[in-house]
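Chain lettering (A, B, C, D, E and F) follows the sequence in which the chains are written, and residue indices restart at 1 in each chain.
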Amino acid sequence: MSRLIEYDDASAEVRAVYDEIMALRKVDRVNNFWKALANDPVTLRRTWESIKEIMRPGALDPLTKELIYVAVSATNGCEYCIASHTAAARSKGMTDEMFGEMMAVVGMANETNRLVNGYRVPLDPQFRETD
Amino acid sequence: MSRLIEYDDASAEVRAVYDEIMALRKVDRVNNFWKALANDPVTLRRTWESIKEIMRPGALDPLTKELIYVAVSATNGCEYCIASHTAAARSKGMTDEMFGEMMAVVGMANETNRLVNGYRVPLDPQFRETD
Amino acid sequence: MSRLIEYDDASAEVRAVYDEIMALRKVDRVNNFWKALANDPVTLRRTWESIKEIMRPGALDPLTKELIYVAVSATNGCEYCIASHTAAARSKGMTDEMFGEMMAVVGMANETNRLVNGYRVPLDPQFRETD
Amino acid sequence: MSRLIEYDDASAEVRAVYDEIMALRKVDRVNNFWKALANDPVTLRRTWESIKEIMRPGALDPLTKELIYVAVSATNGCEYCIASHTAAARSKGMTDEMFGEMMAVVGMANETNRLVNGYRVPLDPQFRETD
Amino acid sequence: MSRLIEYDDASAEVRAVYDEIMALRKVDRVNNFWKALANDPVTLRRTWESIKEIMRPGALDPLTKELIYVAVSATNGCEYCIASHTAAARSKGMTDEMFGEMMAVVGMANETNRLVNGYRVPLDPQFRETD
Amino acid sequence: MSRLIEYDDASAEVRAVYDEIMALRKVDRVNNFWKALANDPVTLRRTWESIKEIMRPGALDPLTKELIYVAVSATNGCEYCIASHTAAARSKGMTDEMFGEMMAVVGMANETNRLVNGYRVPLDPQFRETD
């Protein structure tokens, strides 16, 4: 595994990102994800700026965004991402029922994606044009 | 590609599923997905029963469920599923802004899933227990 | 797409592989897959030797091996591989019923793989040891 | 990870599914997979009904179905599913030789799927029509 | 498919990104990828800034980065990305031999990744610590 | 997990492969990957011959090949393969900067692959012909 860069060992450049994360999220530490990315400060900075922009409230609320994040991570089998974004979703109001229904959709979509592949289902005419 | 079973050529067993789909969705035809699955009436019936149960309103509203369906399908690269569920999402109220934000989360999650893999980020202690 | 190397334009090295494929499979042409790989004669030769060794009858019969090939290809969404190995499976005796049941398992496994991921199901003690 | 619902803590609805699983499989406990799904009784019931229908003997025998299940799970990298379905396959007669040959096909299919993708191999005319 | 936003129909915000892309790459048009992303100007801007930062010469030269891009895209089966980044790699000096060797590694890695999964190979002690 | 076949317990056929690996790599033991594959001597032999042929210096140098190996493995989420090929890359000269830049490309490619999928970006005319 990668070395985890703790705050006390971090460069000013890395500390600046850690400070922003802690301030925005109102926490007093950053997760291992950020401590690992800190091995490459350019990637740390870019990833943080991107996530900040993408996950802020917009046409979709933050909880819906976290549900989508978990859905993708469960599809890809990234345990760390499932665990951390499930926790984030819970902190934003995800109930057991919502988790169960989200996972049911994830399971079904993964199933029908492969049924479509294997049966080689051709696009219906109405799906060929601009959505 | 699989043979598509049209209503007029379908068995009573298959027609019964087609009739239910058309009645519930208030449409006068079924998509190619169902016409392809009709080659295996057992799978057709089971898949329809499952989708009906999973996609109905619950703790999550139908639009959120469609967004999750598209997110998984885009992750897996299933063109048919992306096209058909994007259309379904639009019919349930998805705006261009919502589509754009959903896809931004999908892209980001796919990126960070791999950063986590490559950096081999260890689980933080708080993520090890029951969510 | 890659240039397809036809027999008449192929080097002696490539023709030797084409000849072996046609002789073993009792056909008078090779598929586009081989014509594309012929752009790299080393990969063409190695891939053919490997497939020949792997797909021959053994503890599993050739039809079962083709079913597994289609199952993997449907999971990965490789249209060419699904089409060519479905055709190969049919030529070895796969019926519509067998195709339908194989695809049902593929769909289910893809679904439960993600349910396991999302629910983060811990290994039962009996699965931890040597299988 | 998800909370595992033990029989003694389960609702009547969940116990009914556990009872069916134990009866059909002639075991006196259910795997963690079911105990995790029990957090969502609707998903537990639907998944059990689906697996029961899909995995029963048909045009394909139960061992072939388990081999396909392992092949998909190995392709997706789901450790739990690989472990539990490898055990199930062994209980249904899978030998070391069968496991080795199945995995050889899985490896090869995953390799050639990507060769096809990267070389952008066009479909041969005979694969374009109905299989 | 998404609507493609042509330069003449684009907002000032979108045109500014198109102008940067054309200037940096010394071309007089942008690819469909950018015209599709332009439906969401925030994603267009962020994606361009990220790609510009990531693909510039650094510890790895631009050709090596394009090879890695194609390798990932072939693994995921994204036809558009394979086509566009193969073209980019060729413009940066990729020969037929380099393409063939890159694809051979991609195929092999996809194969051994699954052999490792299926055989459930435990980490050697020397791989457990920080790389 | 699979039984690991140690040298002292191995057949002559397996020992011959182990001997070749140790001689070529100038090490006095083989990794668990080989000890697991040794359960199927045919797969062990074929996999070793293939890897030896693919990873030798050619139009691409061995370090570039290892970077591609890690990129694919991180995309697929194979922890063992990431760990062992990251170690191999380091032994061939990969610096922290090179690892960081490789992973940045891997993350970006995984992101844009899905943006392309979701937006259903059509191929530009210049990408439709032979590369």
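The criterion applied here is as follows: contacts are C-beta pairs under 8 Å (C-beta built on N, C-alpha and C of every residue); 3 or more make two chains touch, one makes a residue touch a chain.
This one's a predicted model, so the numbers in the text were calculated from it and none came from an experiment.
Touch-path distance (fewest steps) from chain C to chain F is 1.
Shared contact partners of chain A and chain F are B, C, D, E.
Most remote from chain D, judged by the distance between CA-atom centroids, is E.
The chain with its C-alpha centre at the largest distance from the centre of chain C is A. For the touching copies chain A and chain E, the fraction of interface residue numbers used by both exceeds half; the interface is of the same-residue type.
Should one ask which of B-D and E-F has more C-beta pairs in contact, the pair is E-F. Chain D and chain F have Cα centroids lying 27 Å from one another. Between chain A and chain B, the centres computed from C-alpha atoms are 20 Å apart.
Contact with two or more other chains is made by residues 1-2, 39, 42-43, 46-47, 50, 54, 73, 75-79, 83, 97, 100-101, 103-104, 106-108, 110-113, 115, 117, 119-120, 131 of chain F. Chain contact summary for the complex, chain E toward chain A: residues 1-3, 42, 46, 50, 53-54, 129-131. Chain E makes touch with chain B in their complex at residues 39-40, 42-43, 46-47, 76-78, 131. Those residues of chain B that touch chain F in the complex are listed here as 70, 73-75, 77, 79, 82-83, 102-103, 106-108, 110-115, 117-120. Across the complex, chain F meets chain A through its residues 77, 96-97, 99-101, 103-104, 107, 120. Contact residues of chain F toward chain E in the complex are 1-2, 4, 31-33, 36-37, 39, 43, 47, 50-51, 54-55, 58-60, 64-65, 67-69, 71-73, 75-76, 78-81, 83-87, 90, 95, 97-98, 100-102, 104-106, 108-113, 115-117, 119-124, 126-128, 131.
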